[in-house]
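One structure follows; several queries about it will come next.
Chain lettering (A, B, C, D, E and F) follows the sequence in which the chains are written, and residue indices restart at 1 in each chain.
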Amino acid sequence: MRNDERKINSLRPVKITTNYITHPEGSVLIEVGNTKVICNASIEDRVPPFLRGQGKGWITAEYAMLPRATEQRNIRESSKGKVSGRTMEIQRLIGRALRSVVDLDSIGERTVWVDCDVIQADGGTRTASITGAFVAVVLAFGKLLEEKKIKHMPVTQFLAAVSVGVLPDNTEILDLNYEEDSQANVDMNIVMTGKHEFVEIQGTGEEATFTADQLQTMLNLAGEGIEELFAFQRESVGDLADRIGETIA
Amino acid sequence: MRNDERKINSLRPVKITTNYITHPEGSVLIEVGNTKVICNASIEDRVPPFLRGQGKGWITAEYAMLPRATEQRNIRESSKGKVSGRTMEIQRLIGRALRSVVDLDSIGERTVWVDCDVIQADGGTRTASITGAFVAVVLAFGKLLEEKKIKHMPVTQFLAAVSVGVLPDNTEILDLNYEEDSQANVDMNIVMTGKHEFVEIQGTGEEATFTADQLQTMLNLAGEGIEELFAFQRESVGDLADRIGETIA
Amino acid sequence: MRNDERKINSLRPVKITTNYITHPEGSVLIEVGNTKVICNASIEDRVPPFLRGQGKGWITAEYAMLPRATEQRNIRESSKGKVSGRTMEIQRLIGRALRSVVDLDSIGERTVWVDCDVIQADGGTRTASITGAFVAVVLAFGKLLEEKKIKHMPVTQFLAAVSVGVLPDNTEILDLNYEEDSQANVDMNIVMTGKHEFVEIQGTGEEATFTADQLQTMLNLAGEGIEELFAFQRESVGDLADRIGETIA
Amino acid sequence: MRNDERKINSLRPVKITTNYITHPEGSVLIEVGNTKVICNASIEDRVPPFLRGQGKGWITAEYAMLPRATEQRNIRESSKGKVSGRTMEIQRLIGRALRSVVDLDSIGERTVWVDCDVIQADGGTRTASITGAFVAVVLAFGKLLEEKKIKHMPVTQFLAAVSVGVLPDNTEILDLNYEEDSQANVDMNIVMTGKHEFVEIQGTGEEATFTADQLQTMLNLAGEGIEELFAFQRESVGDLADRIGETIA
Amino acid sequence: MRNDERKINSLRPVKITTNYITHPEGSVLIEVGNTKVICNASIEDRVPPFLRGQGKGWITAEYAMLPRATEQRNIRESSKGKVSGRTMEIQRLIGRALRSVVDLDSIGERTVWVDCDVIQADGGTRTASITGAFVAVVLAFGKLLEEKKIKHMPVTQFLAAVSVGVLPDNTEILDLNYEEDSQANVDMNIVMTGKHEFVEIQGTGEEATFTADQLQTMLNLAGEGIEELFAFQRESVGDLADRIGETIA
Amino acid sequence: MRNDERKINSLRPVKITTNYITHPEGSVLIEVGNTKVICNASIEDRVPPFLRGQGKGWITAEYAMLPRATEQRNIRESSKGKVSGRTMEIQRLIGRALRSVVDLDSIGERTVWVDCDVIQADGGTRTASITGAFVAVVLAFGKLLEEKKIKHMPVTQFLAAVSVGVLPDNTEILDLNYEEDSQANVDMNIVMTGKHEFVEIQGTGEEATFTADQLQTMLNLAGEGIEELFAFQRESVGDLADRIGETIA
């Protein structure tokens, strides 16, 4: 039995609130247990210099935490004057994952800025960010469709992420909360698409290693969890769900 | 009639949600019209170097906006690698204001970190931050009282802030929203205490000047508005309201 | 009686040396008591990006202190690699104040860089900077007039600044020196125009508050002091004084 | 057939030169095809603040490239004033991997600084860095053993890393060179121990996804490649190979 | 004949104003032609970390220019967030030169901060800084002597600096002004002691080279010029001149 | 007799390995005793902004050390976020020296980036960098000649550098190793051309001074040493040696 009485293959309660903030083209508050992340997708009508003149778009992500999202207050990265290695890793991961399911050629010279701001953290903030950001991006493109700035939904398939891990007693578990994450020997983040293919696997055993069998069990758990997340996403995006994949039809 | 149909001396709707986030000792979401600020107060059991060994405490504030809190997305200050002059001005103002109503000698060598994070902006973010932060600070001290770490509520009186201004047609108005603020000839922020005294007056006419009469009208409007804000604060802090001022009794 | 034997409504001795340095278009050394500030106004024939192509000009200010302008040596901001919040507040204030009395539409796409460098500090450095910078700016425009680059003096009215405050014994005083400033309960900086209107009021009571009556007394003292400062400025700018306001005639 | 005529499961030629530089406790030049990395391990007799007084050690890694290690010259990170996200990711990976096979409790309050400096890059610089750094660390500990500063070899097992990937024609390949890496749909870095367990799996499909079958094929290829790398490492560390694992005997 | 009608071996007019600013222990305004530098020496009662506990002192120098000291306005180094290579070179030179004539063992654990701030530049700012800083340092030590904090003047001999160069017509000249410096093929800065020995020679021919004969002529010119500078210094330090060298008597 | 048994006028063993790294247009490993520097010259087909449109080229240099090139590990400048004063001085010196022997007008709008990376340090790293960089630059221009992008070798004469110094026993010596450099009273770096003229003289006596006689002896020693270095360079550049000077023929 886990510290919050979940089964080893249970997600924490998931709640996705859409249109959370007024200004962004797509805005979502995603809650996964006590982890709460505001995911905003902003459309900008230009692309970074390395893409100019190619007629295609870009998606980039930024990630941050409020200083007191965690048990101990953290110093703001703006005060430190630089972004930490952990933050960079996470925002690169989010951007890469989202780009894998968007047909960037079909959105014109636009940048989608995805901002994931963790207001409360209890483990799994990067995977919740990806899962929530996917919804925000679909909603933002929904707005472009509505305004007839693009003709087809450029999102090619669903995308969600979850963490899995191995506890010191060798139990493999799904969706680690902060306490579990602190104890786990292995921590793995999996990003998958609606076609059950992998986009990203990041598994790390800092003070331990893991076997091929453990890897397989973790991948199976992740597959189950992500399937459930797709259902929450599908509900959140409403009718836009049916348009996903239309650019590649 | 104003752009949102308010009277010249009307505040926008105010809502203060307490215990908004789990981890901070005091946590508040304050909404003033469409302006929404998360105000968290965190207690740290030590003081900055310049105060060590003096047996007294400190309050400091930080302020930030989510990138898409505004109509146009702003670059994160962490990405720019430095905090803007505007941000510095605001966080210095918040800290100074709060320190004026806390008996720092009575809290021991503790620092109260006040984090004001604007998640949606529609004018008046600095004054909403002060008004909300006051509640967060009272709640944080309430927790210290409960844990018997301090004996008396160190807050000496109520404190709230509001903006006033002069429109191009020379009307003085209370609590400017973003559109009004953009048009106003004069923008003034007033911080007052429960004893109707001033803590801070910051009035600026960048493309205009203002007369002594206009100043007087603005001060009166501010006094009325702040009186209403005290009522919202009083309700939010509950029984702790009665303990305000007890260190100076 | 004050610590330097002045009356409560007396300014310290004021001296404005014009053409202090060779290169700048306008250069002034202003001395207010022991406070000494070099104010240089430089004309650059272009404007910042946000103004390009609009045919109008800009004024911006920078402020700094020599490391040993003060009793204790301060670390250079260039060595620290960043400008402090205090410096930013002051340079934003100086720029805003000057822009309020210059007709930026009439100077073409030019930037006036105002550099206020405090070589000796004894309180009131920001107000001395504004008062001196005004003269430097008038002289710089005088040079443009002489070179026939502009047709009219773009300065619309006189502008000066002074500090006022409240001592612990509740005496309101004019033009605080450093020792008075350190003791004062309230510190207020007032910027006014030749038409006796306010451009900026910044009043702060960090460890104290102030009443409406005290505010009124301080505003009156400031008005008197600024009137005297106008006389010094008028003398310094010579014949150019008569051209002030001609663009709005 | 691959662009350099290798088989899909062939490593490039590997060469490890030990004692490459004089000063470091352990120094290695590792060449994997045209990729050349200097890996230096330096022992410092103290630990970072968060570990002080606990009697245990730490390993940390830094990674950099000479500006012209690559086809196009890159701007130095020292000139840019900050370390890129890519560099941070890589150095965090190297440090984490090495810490997983060192018994930090047995080395006293010492830090091992591992510096991986790429002097020539042709793909796989991060995996070559890990493989080479392992040897440098063993040599550095060999020196501590020789000087009788520690009693047992604190390295618990062998550790090496290799890249695998999927080409656009869906061939899975081992040890990608730069040209292959640029074309590949999937890029995966695998770190394994001498016991054939995983320490780290990082697989990414930026413009593509990968199936469970492809993952399995890649993991098998990596296992084969890493086995060969262990042989090179074993030869390089000489007699010290037999002492690996002795702290856990 | 030179552009300012000087002879090839003539210094520009030199003027040293002592006690220029109130707060520093030693303060000097040195004018060499149109070059004007404020040189302040501040005594701090502690030394940098690398010297603590050794009972000896340290001298360090900082150098800066007002933005409009030059014909074109320069961006402040505090705004750029870093000190330029040129500034670093100059301040390292000034510090090194002064340390060569001060008996650091005899001043206790004190640091002398020397601040050279150029308020007007017309060539030779670094040599004027050294010549003026020497006087400021002697005056600062004079104050320590007066306060009986040290027993002997720790300055061991006089020290001054001058520039020499070669014009395009191959004339060697002394004390280049800005226009000469811009044209010169060779620019050399010489620092010498009262015993006619060299402390520093820095000669550079960016677009030209120089022969051994030219070098000799330049060294001779420098020797003559520095001899004159010693006379100005001697006059400025008054009776303290006689105490120079007493620690080595 | 010196600490490494050399005579006072002996260079350490010199070895120049050409084509050390694949990618750069010119690449050299220079070894002077135990000092080892990789010198890479990269040609970029554009010039810095201040030169654009003038049809001429530029040479700039950067210098760095591997963290453990020295006895004690140094913190990377990229981690510190800024380049040290020492590094700036050295890279400015290298660039200036190389520019003095290249006809920049004849290379079109190209920049030569010279990267000197010290992989092992034992004194004299800046002079070895200049001597090695000269060869790398000649080789890079050789490549441009081969590709017929330029018609004439733009290098006008040979250029090499060496250090000289004065030991505490007043012996003048050539080519100081690290231990000698640490003890020396005077440290001087000399850059000379194939025509035996000076490009740069930088002599410093931090804790000592030097006489005109000592200067002369050091200059003579340097001249002898540089003559030997020219022979090593001549051999390294092969047939290109004969083309040096052809633009000025």
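Operating definition for what follows: contacts are C-beta pairs under 8 Å (C-beta built on N, C-alpha and C of every residue); 3 or more make two chains touch, one makes a residue touch a chain.
Since the model is a prediction, treat every value here as computed from it, not as a measurement.
Engineer: For the homomeric pair subunit C and subunit E, should the interface be classed as same or different, according to whether the shared residue numbers exceed half of all numbers used?
Structural biologist: Result for this pair: same.
Engineer: Just how far, in Å, is the C-alpha centre of subunit F from the one of subunit C?
Structural biologist: The separation of the two C-alpha centroids amounts to 52 Å.
Engineer: Roughly how far is subunit A from subunit B, centre to centre by C-alpha average, rounded to an integer in Å?
Structural biologist: 34
Engineer: Between subunit A and subunit D, tell me the centre distance in angstrom, where each centre is the average of that chain's C-alpha atoms.
Structural biologist: 29
Engineer: Among the residues of subunit A, which ones contact at least 2 other chains?
Structural biologist: 81-83
Engineer: Record each chain of the ring in the order reached, setting off from subunit E and passing subunit F first.
Structural biologist: Result for the ring walk from subunit E toward subunit F: E, F, D, A, B, C.
Engineer: Within the complex, which stretch of subunit C touches subunit E?
Structural biologist: 21-24, 27, 34, 38, 40, 42, 44, 62, 64, 66-71, 73, 76-83, 87, 113, 115, 117, 119-120
Engineer: Could you list, by residue number, the parts of subunit B that touch subunit C in their complex?
Structural biologist: Subunit B residues touching subunit C: 82-83, 85, 88-89, 91-92, 96, 99-100, 188, 193, 195, 197-212, 215, 219.
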